[in-house]
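For reference, the structure discussed in these notes is given below.
The letters A, B, C, D, E and F name the chains in turn, as written, and every chain counts its residues from 1.
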Amino acid sequence: MEYQIWLNGEYVARSEAKIGMMDRGFRLGDVVFDTSRTFNGRIYRLNDHIDRLYRSLKYLRIDPGMTKAEMASVTQQVVERNEPARHQGDDYMVTQIVTRGAFRSGAEEMSPTVSVWIDPIDFKTYSRLYREGAHVVIPKARAYSPMQVDPKIKHFNRLNFVLAELEVKDIDPDAFPLLLDMDGNVSESSGANFCIVSDGALITPGDDATLQGVSQATLLELAEQLEIPTSVERIQPYDVYNADEALLCTTPYCLLPVGRADNREIGDEVPGPVTQRLLAAWSEIVGLDIVDQADSMAAAPA
Amino acid sequence: MEYQIWLNGEYVARSEAKIGMMDRGFRLGDVVFDTSRTFNGRIYRLNDHIDRLYRSLKYLRIDPGMTKAEMASVTQQVVERNEPARHQGDDYMVTQIVTRGAFRSGAEEMSPTVSVWIDPIDFKTYSRLYREGAHVVIPKARAYSPMQVDPKIKHFNRLNFVLAELEVKDIDPDAFPLLLDMDGNVSESSGANFCIVSDGALITPGDDATLQGVSQATLLELAEQLEIPTSVERIQPYDVYNADEALLCTTPYCLLPVGRADNREIGDEVPGPVTQRLLAAWSEIVGLDIVDQADSMAAAPA
Amino acid sequence: MEYQIWLNGEYVARSEAKIGMMDRGFRLGDVVFDTSRTFNGRIYRLNDHIDRLYRSLKYLRIDPGMTKAEMASVTQQVVERNEPARHQGDDYMVTQIVTRGAFRSGAEEMSPTVSVWIDPIDFKTYSRLYREGAHVVIPKARAYSPMQVDPKIKHFNRLNFVLAELEVKDIDPDAFPLLLDMDGNVSESSGANFCIVSDGALITPGDDATLQGVSQATLLELAEQLEIPTSVERIQPYDVYNADEALLCTTPYCLLPVGRADNREIGDEVPGPVTQRLLAAWSEIVGLDIVDQADSMAAAPA
Amino acid sequence: MEYQIWLNGEYVARSEAKIGMMDRGFRLGDVVFDTSRTFNGRIYRLNDHIDRLYRSLKYLRIDPGMTKAEMASVTQQVVERNEPARHQGDDYMVTQIVTRGAFRSGAEEMSPTVSVWIDPIDFKTYSRLYREGAHVVIPKARAYSPMQVDPKIKHFNRLNFVLAELEVKDIDPDAFPLLLDMDGNVSESSGANFCIVSDGALITPGDDATLQGVSQATLLELAEQLEIPTSVERIQPYDVYNADEALLCTTPYCLLPVGRADNREIGDEVPGPVTQRLLAAWSEIVGLDIVDQADSMAAAPA
Amino acid sequence: MEYQIWLNGEYVARSEAKIGMMDRGFRLGDVVFDTSRTFNGRIYRLNDHIDRLYRSLKYLRIDPGMTKAEMASVTQQVVERNEPARHQGDDYMVTQIVTRGAFRSGAEEMSPTVSVWIDPIDFKTYSRLYREGAHVVIPKARAYSPMQVDPKIKHFNRLNFVLAELEVKDIDPDAFPLLLDMDGNVSESSGANFCIVSDGALITPGDDATLQGVSQATLLELAEQLEIPTSVERIQPYDVYNADEALLCTTPYCLLPVGRADNREIGDEVPGPVTQRLLAAWSEIVGLDIVDQADSMAAAPA
Amino acid sequence: MEYQIWLNGEYVARSEAKIGMMDRGFRLGDVVFDTSRTFNGRIYRLNDHIDRLYRSLKYLRIDPGMTKAEMASVTQQVVERNEPARHQGDDYMVTQIVTRGAFRSGAEEMSPTVSVWIDPIDFKTYSRLYREGAHVVIPKARAYSPMQVDPKIKHFNRLNFVLAELEVKDIDPDAFPLLLDMDGNVSESSGANFCIVSDGALITPGDDATLQGVSQATLLELAEQLEIPTSVERIQPYDVYNADEALLCTTPYCLLPVGRADNREIGDEVPGPVTQRLLAAWSEIVGLDIVDQADSMAAAPA
């Protein structure tokens, strides 16, 4: 059974979904999106994701033609529609994509292209990394500056991520890129926030050159509950190499320990004790064991 | 009669051409393109455009699965195929678009999405501007830096252009944006190079933060023929406001005089004498009067 | 009755006050100043303003030839002298201006030009804005960097503000400029600090590229009293557009809600709830209703 | 006999010329100017200076209310009016100053404040320096960036020059400041262009962060006549210290050899051979020996 | 009696210690070090220093061939070995130096050069400065950026410090340099951290462009004990000139009050009250009066 | 027979040459050097190298205690002294090293440490690379800025080169690093200049962030003789990847073709035609076939 995605009001099979090649979303990257995921089939923090989507839209002055409530409702509906296709124990990502629409010819009104997606989570990859730790490499390709396009919006103009990944794979085929901003400070991975643990405190870079991660927000809330001190600081590669622990966090995998950065081992054990506590607490609030789920799904026949 | 475009080996009606929404070209902006135009139905400087396309591909390590010669041949073929649809006196743009392909699932090989496009030229707009001069406004949104994605490649990651245009339209609905680079120097418009005439010399910014314009190359060759001195210099807004003449150059309209920049009148007359000589010489080498063509086509029934 | 200003020890009618055109204050911008205002005719936080004036003087090594106490005393005296000219319910600004003096010829000692000014407050403009919200536009003209002249000193070298205002008026004739610093972060308006409210907290940019506003200090003290959390953060245009509330604060009008930024509406209502609480508390400590005063004075015959 | 200056159509004694303290020229630095000088009482390259003045005005959108021809004519008139006061063998500077005018109250139209000045040339200082060489010190205070206020306009917002001079005098009381731009490249002195001679060629920084010096233009023309090669290059302190010769050029003294930079001796002799040839040629075109004039005037009773 | 230093396992007289001129530590600056000091002959916070040394090593991927414990043990041993040479009341610095080793020829394995040093403390200089205050001058030479070599590692590549000192001595022969980072913010002195006291709070720059000073860490701990608020902020020269107190802190002298910065007097008295409290508390935890020791040793015959 | 090096007037065996560990050259990197090489045993362009050495010394205000002539004479002498040790057909590098001297204790005068070195040339490595082309990788570690230490001086503070090499070896063990400057433009390799050939012209970066290479000067002179056009331009990675040819040039190997940059093949053949012509011309002026010599020496028994 294939997932059905919602495209401007219609359902189409996921593999068949297409966009007009004169859509500004394709031709100009004039598109924003946001991604939530389910736990046990229920969408997690949907409103936070919808709010962020609408912040992106406002920044770009794109009118999606739908209120936040309507967007949330369609998203719920798409999840429900796909519930029969969900495997036992599985979960997926749910993504809203909004482009400004196709180029108008003459007096025609431009109207946005809106779609809502179901995408599988790559548990096979994550399962291993929860235990061994992810690798990161800091490439020379840089994050965009807010003077160009603010990294706080979520969009598809990611050629710099593409370049970063090419470069990173040359060094370590398993590594994720960890981009520096234009000032040389650590910003984020391609699709995940990054933070370190140092002297027992969880340290995140500010949001000058990173997405305002919903998972990162969860992480900070969990840290508060667990009485782990947190702070926002500019981080340089030195801090990464010498961190006690480092971690990536994003919607599909929640958080991953980082075991290696620029070919230097990070910390004494992977995952480190703070990472373990955070992951355990996270599992608790979402009502399933995050690592166990990844392991089971990785072991399941495709 | 609608134009037919070539898409991975098939012809489809231009308005029907679609791309899979899981193509990296859409999802990551992992796509490059190049655009030539015809004069009297014949493609102008095709090889220069194909060369630039392959420079973009090499920079990004995208393998289009076609040699330069094959790409040129398909492009020619597309033009021939559409010749019947071309109106008397009309011309069009011809664009190659290459994405890295759709996300692979599992062991599948990724293969590029290649298309070749016919697009009409907006003579209606240009006709007026050849005489009155285009307006430019310098927005605060900046060009990308080569530390992120080199502006010398031609791609669809243009959210900063979108932001620039929104900003520019707030000031002057008729204006084109003229972006500064990260150092505050004039780079280019969204899809056109920019240069000024000062004390009789044609001055262009370097290619640090601009496309290596084929039209700009033509312009420089014409200047040489006409014994107009040229130089490459960093240009700031002061230089634009105080230029004797300013002009935009790009494939669809060749060159346009600029009459107004940030609400300051440029030069004493529009088009200025150097611009006029360049435009006349250009008309000569392409075998038609560029302004006359725009006027006739603008006057033609849609 | 015209206000009398104090100029190097003499009183002169405000409209007659002149400075020698060979004064370094005119010829080099070698001048600092500071501005307080009265409430019910009494100067508010004079010592804080005098302290800041002397910080500016020290930075520039200008010796005003007067102690802080003497400067405060002259300022008080000027207010008293002008008390008869103050209308019922009115208030005004009180400004000290200190230049390094006129260019010396030969062995002559240079001596500073010191004046103390009474200036009317533009209640007519503010009255409307307390209710409708001010507009801000972020121009491309940038704040100075501390590598050049520290924005923490208060001086008259404001050509960048002049350029910013010209640019801003092209977009929105009613808007105030909101300048970015050289790194692309929000600094301040021309003569006012700027801050945002987000998730209930009052967020101000640091003082790297802004004046150390006395009104901003009042605002932070009021926030503390009202248990509104505050923090100092780098702010980018995205944060402004997506703020729950935004406000300008400066001596003449205390604070103004911001209703529009770069043609995007800010927040859900203007003034927002936090702004209202702050304004109410401010009215309380100064012993008059700030908005009411503006309304009455705006309604008064000129 | 005191010089008479022209102020908004009236002549006033130079020491009596005053400007209203509510003029934007004083309060905001909203003012531009330009300075020529006489040789044998005749103004040199007046049109070049007037052109540059009007470029500054256009950049700032100040309307002086006078055409270039009228401005030139008033300037000539001022020189003629002051001819009787000129000493035998003496010359002076002639300066136009234009402010945007005083702050308007209500509906009043703002009108510019225009003045034309006669100022003595400091031959006493220059006389010695033509022989011994000027000293320069590179302070940490930086030139403005074109992102703020373009250094190509001539204005009175010079607090950064004031800071630079304070700093420079701490190191060497006789030195002129030589400012770096925001990128760390040599820009200009406070009121003079700077260039070096290296391997027989005259090297000037570009005009990104310097005034477009009329004296520098003269210098380049003389170099061309003398077949001294010239080039425009970014210059760093290393290049200054290791130059064969270095020189300052500006309207009042034409050019001065530089003998010392940051306490390092420049070149083998002062003035160096290229400097000497340039100075000789310059004397020739202006019809008097530049150094002799300085010597005589320096020796003259005050 | 001369101090004996430990060099790759051997003891040699301090004045005789030499390194091969083909060692990468000399030829490439491929070397890190760390410095502790003794109080009453006992090493203070040795583990913190060793930890920092190993962070430097990890950053550079130099393998010292010794565990942290071994390094600490050798360091202790060196102190014990030199105990007989220590004068009554005296103390000294203990420094570990690790180079990557000499250039290999052919298949030879490269092995690190490790040495542990005893160096006398310059009490003569400090004695006076505890009372009069040190002078600082902010030169134009800048700190390295983490994009080049992270200033958080302790190494011998200090040509920028050398240039800074040359420049500073030209202004004030007694002054220490206080370097700005590439963004124009205050970083550190050559071998000491810098902080200010403002409104009763101790303010330190972040560690983006400074060493993570162990003495600075002590200072912050003492501040906490004494209930002196602390914060991490970007500091510009304005903040230094207008600080209530300023101080330098580093291992050999613990902390010194700063009395003068760029020829401006700092604060009202030197040492200021906060500095005095910190110094008193520091003396307490190290078990000797820091100033008295300096005075006695300064008075002692050489 | 081992080479003898000259150290402060004495000859010592090369492997025995040592420097005091309290020398500022070791402890602060307070040291400059320059390297020439011999062809057929005769030093090539010695005066150019000595001139550059003295420019470095002047920049740092180090007095070597020797005139240029004396330095040249000692260098010649060292070569003569080592002539008996030179193998048939072999050549070597000759290097002057000057440190400011050891730290003074008390009133002692500091005196420089001067040495002159003979070092073998690594023909074994170069032999292969003349044919196959060298690889370069552009790391994230950056060149120093002239605001810190001007890259035009030749010194031993090379931790950023060390970091660059570590990073580069992770990608391609055979590659040389090619560093970007702080603005993201290509500067130089660790110890070699870099240039590209594009459309038949030889393009070099300016000397803002590179050594003023003597080999690069030779290259430009040869280009002039061969009527190969040259220009100085800012170069970005795009230009490197898309160059027709690229090459490294430095004293020990003269020039090497570059065959690969960031894992992209450069040009169509290696060495390219322009490189071949330059190498042939170079062989001619130095009186031996550069590649043949490398081949013979590589084949010789160690």
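Here is the rule we use: a contact is a pair of C-beta atoms (placed from the backbone, for glycine too) under 8 Å apart; a residue touches a chain by one contact, two chains touch by 3 or more.
Keep in mind the model is a prediction, meaning the values are calculated, not measured.
Peer 1: Quick one: how many steps at least from chain C to chain F, stepping chain to touching chain?
Peer 2: So the least number of steps between the two chains is 2.
Peer 1: So which chains are sitting against chain A and chain D at once?
Peer 2: Chains that touch both chain A and chain D, as defined above, are B, C, E, F.
Peer 1: By residue number, over half of the contact pairs should agree; on that basis which option among D-F, A-C or A-F is the same interface as D-E?
Peer 2: The same interface as D-E is formed by A-F.
Peer 1: For the chain pairs A-F and E-F, which is connected through the larger number of C-beta pairs in contact?
Peer 2: E-F
Peer 1: Nearest whole angstrom, what separates the Cα centre of chain B from the Cα centre of chain D?
Peer 2: 43
Peer 1: Rounded to a whole Å, what is the gap between the Cα centroids of chain C and chain D?
Peer 2: Centre separation, chain C to chain D: 34 Å.
Peer 1: List, in ascending order, every residue of chain F touching at least 2 other chains.
Peer 2: In chain F, residues 61, 140, 145, 147, 180, 183, 263 touch at least two other chains, as defined above.
Peer 1: Let me make sure I understand the interfaces: which chain pairs count as touching?
Peer 2: Inter-chain contacts occur between A-B, A-C, A-E, A-F, B-C, B-D, B-F, C-D, C-E, D-E, D-F, E-F.
Peer 1: Going by the contact rule set out above, which residues of chain F touch chain B in the complex?
Peer 2: Within the complex, chain F touches chain B at residues 180, 183-185, 233-234, 236-239, 241-242, 263-264.
Peer 1: Within the complex, which stretch of chain B touches chain C?
Peer 2: Going through chain B, the ones touching chain C are 138-140, 167, 170-172, 180, 262-263.
Peer 1: Using the touch rule from the top, collect the residues of chain B that touch chain F in their complex.
Peer 2: It is residues 55, 58-59, 61, 145-147, 150, 152-153, 183, 206, 208 of chain B that touch chain F.
Peer 1: Give the list of chain A residues in touch with chain B in this complex.
Peer 2: It is residues 14-15, 17-22, 24-30, 60-61, 97, 100, 106, 115, 117, 140-145, 147-149, 155-163, 166, 182, 302 of chain A that touch chain B.
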